[in-house]
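Here the structure comes first, spelled out in structure tokens, and everything after it is commentary.
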Amino acid sequence: MEEGSVKLKHISKSYDKQTFAVKETSVDIQPGEFFVLVGPSGCGKSTMLRMIAGLEEITAGEIYIHGKSANDTPPSRRRISMVFQNYALYPHLTVEENILFGLKVRKVPKKEQLRLCLEATDMLGMTEFLKRKPRELSGGQRQRVALARAVVSQMPICLMDEPLSNLDAKLRGQMRTEIRQLQQKLGITMIYVTHDQVEAMTMGDRMMVLKDGEVQQIGKPLDIYNNPANEFVANFIGAPPMNITEAEVQRDGSLRVHHNNSLTLLPASSNMKMHLGVRPEHILLTKTQETDWELSVKISTVEILGNETLLTFEVGETLWKAKIPGQWHYEKGQVTTIHINKQHIHLFDGRTGKMLPESVGVARKPAAVQGGASI
Amino acid sequence: MKKTLFFMSVSLLTLAACASNEEGETNEAEAEGEASAEEVDEETNNEAEISEEVVEIEFWHGMGGGLGDTLEALVDDYNASQEEFHITPEYQGSYEELLTQFRTVGGTETAPALVQMFEVGTKYMIESGYITPVQEWIDKDGYDVTQLEENILSYYTVEDELYSMPFNSSTPALYFNKDMFEEAGLDPENPPRTFSEIKEAAEKLTDEDTYGFSMLGHGWFFEQLIATQSADYVDQENGRTADATEVLFGGEEGLRAYEWLNEMNEAGTFEYYGRDWDDLRAAFQTENVAMYMDSSAGTKDAINNAGFEVGVSFIPHADEIDPNGVVIGGASVWMGSGISEEEQQGAWEFMKWFNQPEVQAEWHVNTGYFATHPEAYNEPVVEGEHEEYPQLRVPIEQLQATVPSSATQGALITVFPESREQVVTSLEELYQGTSPEDALQMAVEGSNRAIEVSERASE
Amino acid sequence: MKQQAADILDTKTLTVQDAIDKYKVASTKTWWQKTGNYRIAFLYLLPSLLLFSVFMFYPMIYSLYLSFFFTDAQGTASAFVGWENYTYLFQSAAFRNSVGVTLLFVLYTVPSSVIIALFLALLANEKLRGIGLYRTIFASTLGMSVAASAVIWLFMFHPTAGILNAALTSINLPALSWLQDSTMALVSVAITTIWMNTGFSFLILLGGLQNIDEHLYESARIDGAGYFYRLRRITVPMLSPTLFFIITITFINSFQSFGQVDILTGGGPAEATNLIIYSIYKEAFIYYQFGPASAQAIILFGAVLLLTLLQFKFGEKKVHYQ
Amino acid sequence: MKRKMILYALLTLAAFVMFFPIMYAFSVSFMTSEDILSRRLLPSSPTLDNYRDVLVSVPILHYLMNSFIVASTATLGMLIVSALAAFIFAFIPFKGRQAVFLLFISTLLIPWEATMIPNFFTIQSLGWMNNYLALTIPFFALAFGTFLLRQHFKTVPQELYEAAQVEGLSNFQFFYKVVVPYAKTSFVTLGIFGFLTTWNMYLWPLLVTTNDTVRTVQIGLRRLQADEVATNWGLVMAGVILVIIPTLILLAAGQKQLQKGLAKGAIK
């Protein structure tokens, strides 16, 4: 049996029969996989998780858990554990009672209960807090209790709904690693919901990017980062987000951004509306062998972060950001030239926002710079 | 706060415990006398254990306060006097609530064997079908009922049949402050009798903080003012030959009473103290009122509580007509139907016992109600009492001087409670400035409507 | 991978209905499983529903039925009279009086109860030493039964032995006929009622006050807002849900005031305190006219329902929920 | 400082006005009838006679016991029944739930007195006269209680319910293992409230009892007042004090709980 697998086939969810909360989604999640559902709030990622958990009914489509159809299986019979955003600890019970709550319900023998409890709290370093009540714990400790509760249940699938969103930044970083390690150690399938693209990037084996209930892209974090399926994904994944600007398509098929040097990319038909995108880290301040396009821009803000500098500058109507290693001092209003490798340019269909598949790598004509000048 | 409350409660509870212990001891010592209800219960249980043959008889009554205590003591006496029956008195609230209670349980297992009922419930009881007329037992037992006070019997006798046994009977009388009479230059030994005499006396007695006259907001007093003029309250010989179809108190007799009250009220010699017996009594005790009408049952209290000489006299009557006397008030005791012969026997025995002169003498002395048996007045205990309180004799004389007629026999109507309410309300309207004619008319219309509704409902 | 994304975007025009038509999976749940929530709801609500049905709904329906009849001495419906009980009521001066008295009584008691309780709650919300004692005292009337309260006031209102008149005469004011005068009697009953209501309203309002975030006051104080400004702009708006609740409850209670009327005035004098609820009681339990009594009960229920709905419709708009 | 003085003055004045009737009743209960008639504020020579007389003339301790049994049973029943209903309204969605809830709330508007007549007949036909059942069962279902508990239950995070579902708790297990302990304070609140209300019932106990076996203390109070003879106010006030003391103590002890719990229920 495919113990630990989750398969969604054309899953849809609608609360009002008018609009989709989740629209026609299909995905196969493998046993032992760390799968992340990511998207901005209201994108349907929690709804999807809750459908997997059985807490929400499915409007249309099929769900298979452990290889078996599970549309009508109640949550308790799906052999899953779940960690909630607010931890869902029972305030009237001690840490130990909270952890063992589910085991008691399932009538696991007392000895076994204790063994599992100790094992889990040991793993999470919570052994000394067993007799405390949740309100006497810090946020991170509560989080660990919730994790321990999931761990002791020994379920092959664990669902997590934004488990780190209530923690401070530092703790979040620490917990990310711990959860990932825990998952690998236990070898369980993890389905993890977050709105934080950093978590998605760092934790997931694969991730699904959602927007307005619709799947935007499914894939490995780096694949998605490098080849975002559309403007939304490009914008959502990566911080600071990808710079995207409308590009004028010249008669000859080359592109021009705000009266700057044009860039020849083929094939592009002149009646096409196009958006051009480039990630902040791919903008260079100096010309190198790699770079084959340059733009003249006006600096608007400079943020020096120590090991890197964030520059914001105006490119036409839009503001671009560049992430430059080292410390750079510029004056506001100063005009400078930036350098970009065409390979790093993403082109999107201006109407649909879809990535144009041929944009990168195909039209890599060397130094197709026409006219214009550097500073 | 908590501490204070705690302390208060602890002290009170301790006190409570002491008090009941104390009572227990006195009881044992005296072997009889007043026992608390708890002890009655205990007795009941004990007796039930000792012999199964004791017949348990429930007796519902509506006597609160000190009267209730007296009644229970009396029942205890009866229980102690014989071994065959055991009467358990059960308080059921006011007379109205008692009637309600009986109405709803009548004919069921919960219904009592004996039930006290105020005089205006008489008609209802007769028609209810839940009672056995005591006449049956009188006939069966050959009991000489004529030995009892005729004027009391007449109220409860319908078509020559006695339905219930007289129990606590009273009539109204006029009570006055003799000291004030003297101060005002009136003769305390020759109190006013007629409406106009009262009016004049009231004028003389009224000063800054004293009103000359007052009357309780209770239909009973108005009924007396009608009856003494020999006028029926309702048609059909006061409802005694057939079901009454309309009220008659709206005639000139009723109007005389209304006008009389209105004149005094307008002259400021009359003050209304509401429907609460106690408020009016207190006003008399504190000398805010010089003359008022009260139940004969309250005579002794009135004398004892007053810091002045209390005079008692016959109720006022209209100048135009010689007084015809009073209608009996209070309550009688009824025998439930649908209970075992044995229980009825017990109930009947209790009724007989209760009407013995000696018992009646005690009852009269302790409560102020009339003795149903005239011979009771010859008992030494009564004579002694009357010696001490000569005023007690006045209501008795008044009752015995009553001219028998349908008017003084009292009215029989099912909707009496409602009619009384109408009368009191209209009197209150009168005191607030409505004209006597209009006020009286309101009461007449309201009562007639009630009679009509009840008639149509029972068709 | 990119191909898949493209496919999904192509389905942009898909409607919910399409999705259902195309992919809806017939549930394998049995009828028994699907109605699980209904069954559990029914099971848990059963005791309440049963009791409400027997002791609330059935009596109301029975009352409705009785209101079209005259009843005989045993209280059973004996003569069908159609709308007569209702038409009679609407023509009857006594009933109109009851309605008027009831409305007046509500007017006397509801605003003053709430204002007094609010005043006490504001006082008791201050952080002072020994405030607990004051709070307990203010709340004390909640522990007083109607019977006990009314009896105490009855004695205080006593025309001659009462302490109120004693106080009045001791400062050379004329004694009042608290319960014997038509206009005064309603006021007296209202005073008693307000006193009795205060404990409950006070407790709830105090609780409401303590739930208001202290920061709001701090920031207002920084802005230099005075006490009354804060009261008007912060306290009352923030307290509005509690106030609304209290007004509704006091309102309903006021309509149903019975015990104090029974003990203090018995509806008199001259029906000046004959609230509808008391009038119903008298009609039913003293006159044994269940028909007209039921008609009044139905009218009262309708009126309270209507007024409460109106209050929710218009009053709740002004309520500021957090 | 000045502000404090003013506050204390206002508080004390208000407390005096509010508490005066109770203190006065307390004072009168120790008075002789002469004291009462002369309208004294404090007894000239405090006497315990009134208390002794009350205990002798009315089985008040027996009544107190009955009241205690009735109020506790009714409170317990009310808590259980209301909690069950409130649980549904807070956690179990079903079509028409809102309508059923409104139906519950509508009972708040039904005047108890208006339903008394048919209820009386019902009690009688059930054979519950003179039985604790008549004094308790009709009060088990209480819209106010259901409403109050529902408001509290709603503060239980939905996640707890879901976590329980995932862990495999049945609804009933969730109810008594999670909801009830979670909303403990609201139970205490409603408990005190329910106890006070049932303790203070007045007309109903009188109607459904015909003897002393199950009668409650409020009737004892009623019985102390007389009609045709003078009321002994000292005696009545002694009765009043005996009757109100248990509830006042309960109130003083549970005041804080009550205030918190009731306030929570009042706010949506």
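So that you can tell them apart, the chains are marked A, B, C and D in the order they are listed, and the count of residues begins at 1 in each.
In the analysis below, a contact is a pair of C-beta atoms (placed from the backbone, for glycine too) under 8 Å apart; a residue touches a chain by one contact, two chains touch by 3 or more.
This one's a predicted model, so the numbers in the text were calculated from it and none came from an experiment.
**Student:** If you apply the touch rule, which chains end up adjacent to both chain B and chain C?
**Tutor:** Intersection of chain B and chain C contact lists gives D.
**Student:** Counting only C-alpha atoms to place each centre, which chain is farthest from chain B?
**Tutor:** A
**Student:** Which chain pair has the highest count of C-beta pairs that touch?
**Tutor:** Result of the pairwise contact count: C-D comes out on top.
**Student:** Go ahead and note the Å separation of the Cα centroids belonging to chain C and chain D.
**Tutor:** Between these chains, centre-to-centre, one finds 16 Å.
**Student:** So, what's the distance in Å between the C-alpha centres of chain B and chain A?
**Tutor:** That pair's centroid distance is 92 Å.
**Student:** Please work out the Cα centroid separation of chain A and chain C, and write it as a whole number of Å.
**Tutor:** Chain A and chain C have C-alpha centres separated by 53 Å.
**Student:** For chain B versus chain D, what separation do you get between their C-alpha means, in angstrom?
**Tutor:** Whole-Å distance between the two chain centres: 36.
**Student:** Taking each residue of chain D in turn, which ones touch at least two of the other chains?
**Tutor:** 37, 121, 222, 225, 248, 252
**Student:** In chain B, which residues are in touch with two or more of the other chains?
**Tutor:** In chain B, the residues touching two or more other chains are 1-2, 97, 100, 104, 278, 282, 285-286.
**Student:** Let me know each pair of chains that touch one another.
**Tutor:** Those chain pairs which touch are A-C, A-D, B-C, B-D, C-D.
**Student:** Which of the residues in chain A end up touching chain D in this complex?
**Tutor:** 50, 53-55, 74-77, 80-82, 84-88, 90-93, 101-102, 105-106, 153
**Student:** Residues of chain D touching chain A in their complex?
**Tutor:** Where chain D meets chain A, its residues are 157, 159-160, 162-163, 165-169, 173, 178, 181-182, 184.
**Student:** For the complex, which residues does chain B have touching chain C?
**Tutor:** Touching chain C: residues 1-2, 96-97, 100, 103-104, 106, 124, 127-128, 217, 272-276, 278-279, 282-283, 285-286, 288, 414-415, 417-418, 421, 424-425, 428-429, 431-432, 446, 450, 453-454, 456-459 of chain B.
**Student:** Applying the document's contact rule, which stretches of chain D touch chain B when the two form their complex?
**Tutor:** 26, 33, 37, 48, 51-52, 55-62, 120-121, 124, 129-130, 206-207, 210-212, 219, 222-232, 235, 241-242, 245-246, 248-249, 252-253
**Student:** Residues of chain A touching chain C in their complex?
**Tutor:** Interface residues on the chain A side: 9-12, 14, 17-20, 23-24, 58-62, 69, 71-72, 214-219, 223, 227, 229-230, 352, 354-355, 357.
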